[in-house]
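Look for chain A in each of the two complexes below; its partner is chain B in the first and chain C in the second.
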Partner chain A sequence: MDLLIARIVDGLNNGVIYGFLALALVCVYRGTKHLNLAQGEMAMFSAFIAYALYAVGLPVPVAVLGTVLVGFLAGGLVERVLIRPLGHHADYSILLVTIGLFLVLNAGAGVIWGGDPLPFPALVPSSPEDYIAFFGTRLRYQPLLVLGVLIVVMTALFVLFKYTRLGLAMRATASNPESARLLGIRVNRINSLGWMLAAGVGALVGALIAPSTTLTTGMMFNFLIYAAAAATLGGFDSPGGAVLAGILLGIAENIIGSYVWFVGTDLKQAVALVILLAVLMIRPTGMFGTKKVERV
Partner chain B sequence: MSKRTPLVALAATLATLAIAGCGAAPGSTEGGSSSDNPAAAAAAQGLGIDLAACPGDVTTVFGPQEKVGLTLPLTGGPASAFATLGPGALAAFEQANATADLPTKFELVQKDDQFQPDKTLAAAQGLIQQDGVVGFSGVTGTANALAIRDLLKEDCIPALGLPAGGTVINDPAYPGIVQTTVPFTLDARVWVEDVNRRFPDGTGIATFIGNTESGKDYTADIAKWMERTGSKSRIVATESIEATDAAAPSSAITTMRNSGAQVLFAAPTGAQCVSMMTEMANQGWKPITYLTTNCASTAFFSAAGPAGEGVLTVQAFKDVNSPRFKNDPDVQAVRAAMEKYSPSADPDNTTAYGGFTYASVFLEAAREAAKSDLGLSRLGLIVAGRHLDFHPPMFIDGVDFTTDGLEDMVPVEAGELNPWSVAEGGFVQGTLYDFEGQLTD
Partner chain C sequence: MALPLEIRSGSALDRGWRLGRAVALVVLVVALPYAVETFRLGQITGALILAVAVVGLNLLSGFTGQISLGHAAFFGIGAYTTGVMTVTFDYGVVPSFVVGMAMCFVVGVIVGLPALRLQGMYLALVTLAVGVLLPSLIRRLDGLTGGSSGLFGMEFEPPDIAYFAGRAGGAVWIYYVTVVALVLSCLVVWNLMNGRIGRAVTALRDNEAAAIVMGVNRAFVRTVVFGISAAIAGLAGGLFAVNSGVLTPDAVSLLLTINLLVAMVLGGRASFWGPILGAFVIYFVPVWTSDVTQAPISGVIFGALVIALVFVLPGGIAGGLNALLRRVVRIVPQPPRRDEVTRSSSLPDDLSDDPVLLAPGRTEPEPASAARPGSP
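Up next is the complex of A and B:
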């Protein structure tokens, strides 16, 4: 029983990261209907910026908040310089631009900070002795902090999207930008805000998980695959759905990888993709995604 | 006979002379097929090289200026880890050119392969066909070297000083490809021998191996040496990890911890070494841990902090950031060479020193070839590379680079098994394991 609980906790720790990054993907999608494949690399680059801020002597919490601010502004800059000129309907062009951004950020971080892994301090006590014993396993403070921050951010975004005029404007813009513009919504600003929110959330997740992954240019690559799967599974327009799907994905792949003999570690990633495929065949919009209704 | 016949004959004679002139380098005394060069034929035969299948100029002595190729990732994810090999190698070649101890000046041509074997093949083809390189001073990565070895064999082009640890590199069918880094089979042998020494009655071992070509080598070599040394220990848990997986390997550690293993053999990739050590400490699991030589650098262990305490790695190279070698005269000399001849080389980057060392193997082979009957030619380089015995300056004392034809194909067969000490901020000198001449199958 203790081992099962340990495996669930291990899966939960990973799932929270998948869900957090999925939330950033949802932010862009809800505001603009675009998929940002550079989301992981933006988070990675932000984590390096947090490291740089910490290295110049800022306290860790200030460095993390600082990189969230930098990420927020950088997201707006990316939208203004790279995305907006392509037009709202240039889906494939935008997808290609995000791939280019992925490559530039990855190579850029390597040039600036080198290839060696760098340590990044945790926001909470994180020595081997810092944990809460729980049915024979150890609940560590940093993953608990990540989970707590994720719940706060998800709730804030849920309230923003669901109960504010700004959220309504974002949903209207994503649904039909032309109609939204006719209604007086400043569509470009809303698009910018979507990118800024996503980049800010991404910066936060990058800085929060860096203590466990260590800072490297490849730290987010795998997470992005799982995050995209989680967002698809939960629904690209559902922040809560994406987070829940990320957590379930993390736990499921860990349990199946541990107890199904022919899966093991080698086929863990395939588990996520099989689950994704199965759900999409039954419910193409994801578990919590909104069905697209067209008037005919 | 037509009036034009003598002119045609003269033109044909001149053309023949011109072609012959192009084929033989200035001052060359070699050339042609094996039939008119018994020394070349004998040397080639000794390595199983079919000279008749090689291009005719394989025995031609190099001219005063030649190009040497190096493939490595200069863009893409792995570039940040490996691109620094280039400036280090450049320093070695420029230093050799400046000190004029070779009859040929070598120009190092670096080509990006993004660490992808298919791109390595394209880069190597470009280096051979367009740049006209006479050899390779490095092909980074085992899978990458495997991708081009048939191409190199076809053109009888040497590749000496490879930063590729795979056991498959040392294949008698490809004598022109010479490894330089610590081979994974040495890692595995040392680990197994050390466990046999500590636990004569055997113990439980967990393995945590990357799901890569290198990982396959490690798995096979561990099994091979456990069997051959009559080890009484047994593998009680086997966990693997994808090369791109950056998440803390908590699930794998949970499984291995639960297996009751007292020993861990670990060969993950890059930063995974750090997250593995950290996660083990977090879970309170403290087996005797042997970690891949790929992670035997201060950079990885510094990032791991206290979690790296006591973890063992096999080292053949001096770690320039370790207090033990910081003021080592050889390290200082290489640092000075890099600062003088390749200012873009980072003097604190261990990989840059690796690049210098890999290039030094090519250059040492070139020196030996120049002194031999074969002269400094492609065949001369291959033969010299397969019969080298020297101590590269960046190798730890007691570790040499030794090859002996097809009898001893593994150049680096000794290494120190050193534990990391947090208090020292570096690796503490441990036991030297020397398996000289024993690792070739």
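Up next is the complex of A and C:
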């Protein structure tokens, strides 16, 4: 029993990261219906910026907030300069631009900060003795912090989407850009805001998980794949669904990886993708996505 | 001399121009092994193998408009089938190619099944899942595939004639095999796209509901196209296995899928020459950038180049070259014979030279429809 709880907690650690990054993907997707393949690399780059801010002498929390601000602005800049000029329906061009951005950021971080992992200071005590005992397992502060921030961010986004005028405009833009434009909503600005939020959330993830993954150029690559899976599972337009799906994926892959002999560690992460396939076969819009009704 | 030069479609000049292009291409293909050194020929073969895979991807993602983020998996299935069959079980290379393609076709059809219900990013994510699954599966089944340390020793023995003797001869042999495979793949794709299935595919891409109402069998068309696309990628994988002689899970990772996609879009999707041009760019640009600069910088340059090309050449390289060519040479449709015109219509004489009104069939392709994005 204790082992089971330990495994759930382990899975939760990863699941929270999947869900967090999935939240960023959803912010972009809701507005523009595009998957930003560079989302993970933007988060990684932001984490390096946080490191640079910390290295010039700023306290860690300020460095983290600073990189969120930088990410927020950079996200808007990317949307304005690289995405918007391509138009709304240029699916392939936008996919390709995000791939290009992926390559530039990944290699660029290597150029600036080198290929060796950098130690990133933790916000909370994280020496081996710092933990909360919980049913015989150890809850560490670092994942708890990530989980706590995730819940705060998710709630903030939920309130923003659901209860503000801006959120209403965002939902209108997501469901029908043409009508929204006719109603006087600045659709371009809304999409820009989606990218800014996504990049800000991504920057937060990067800086928060850097202490546990160590800071390398490849730190986000696997997370991005599973975040995309989580976003798909949750339904690409549902922030809460994406977070929940991310957490469930993390737990499920860890449990199945531990108890099914064939899976082991090699196929552990593949489990998440098999779950994705299975769910999409039954519910093509994910668990919480809204079904798109088409009028002919 | 005023440009563009106008050539009447079907005239002797037009036929000469077509024939000239075809002859030039054949001469280029045949002369290449003599013109370049063995090392360079090996690189060209590598680019051609990539081109085969991109031709397969183009069939699915270019013409059908379904984004696939998992074509490296089909490439990998083809490669590992060939590898395991030739090395472990000692089968011939050609039968292994055939079995590999058949397996890819079956897996492609199975992956294509959810494609019937899924659209856009959801489908892309399913293919991404398959693409990420395969490398882990290869690592897990290490008894069969060699796992992370790789599979070695694939080779394609050239036939026992003097022309293909020695190490250089072996390179020439695999080059010709690849050329034949590429030509066959292009023929399959082109015939498919210019026939009944092609029209069904285009109709489905541009307006799915209308196409179904008109009697297009969506399930059949989508899954078969997915299967054939996968089989062509599998053939490329088989060629890759015998050409490189080494297979590792990393060779068929997501990075390969990204390269294939970039090659397809850069070359010009839904075009004939695009995949081949794109494959050469994607193969040789990293080679050159890493010649000029150090490793991380070359990655930045490559990424920036990808972004720049999207903005500079939205129709891909093939689209750009076509536009350039049209400034120099223009093929204009043949006007119908005068007696046909007077018999079939009562249009005034001064319109009889207007190619749009009276052309029996427009010969210029319509770039607008080829550049249309996939279904929303």
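We take it that the second predicted complex is superposed on the first by the 294 of 296 C-alpha atoms of A that agree within 3 Å, B and C clash if a C-alpha of one lies under 4 Å from a C-alpha of the other, contacts with A are read in each partner's own complex, and residues count from 1 in each chain.
The rule is simple: a contact is a pair of C-beta atoms (placed from the backbone, for glycine too) under 8 Å apart; a residue touches a chain by one contact, two chains touch by 3 or more.
Keep in mind it's a predicted model, so treat the numbers as computed, not measured.
In the superposition on chain A, A:A55 makes contact with neither chain B nor chain C.
Of the two partner chains placed by superposition, only chain B is touched by A:S212; chain C is not.
By the touch criterion defined above, A:L35 lies against chain C but remains apart from chain B after alignment on the C-alpha atoms of chain A. By the touch criterion stated above, A:V159 is placed in contact with neither chain B nor chain C.
Once the two complexes are laid over each other on the shared chain, residue contacts for A:A90 go to chain C alone; chain B is not touched. Once chain A of one complex is fitted onto chain A of the other, the partner contacts of A:G115 extend to both chain B and chain C. In the superposed model, A:N106 makes contact with both chain B and chain C.
In the superposition on chain A, A:V274 contacts chain C only, with no contact to chain B. Chain A uses residues 103, 106-107, 110-111, 115, 264, 266, 269 to touch chain B in one structure and chain C in the other. Of all residues in chain A, only 3, 6-7, 10-11, 13-14, 17, 103, 106-107, 109-111, 113-119, 127-128, 131, 138, 140, 212-214, 216-223, 254, 257-258, 264-266, 269 touch chain B in the complex they form.
Every residue of chain A that touches chain C in the complex is listed here, in rising order: 29, 33-35, 82, 85-86, 89-93, 95-97, 99-108, 110-111, 115, 225, 228-229, 232, 236, 262, 264, 266-267, 269-270, 273-274, 276-277, 280-281, 284-286, 294, 296.
Remark: chain B residues 75-84, 211, 239-242, 244-248, 250-252, 254-255, 258, 270-271, 274-275, 278-279, 281-284, 297, 299-300, 302-307, 346, 349, 351 touch chain A in the complex.
Chain C contributes residues 61, 67, 114, 117-122, 124-126, 128-130, 132-133, 136-137, 139-140, 209-210, 254, 258, 261-262, 265-266, 269, 295-300, 302-307, 310-311, 314, 373-374, 376 to its touches with chain A in the complex.
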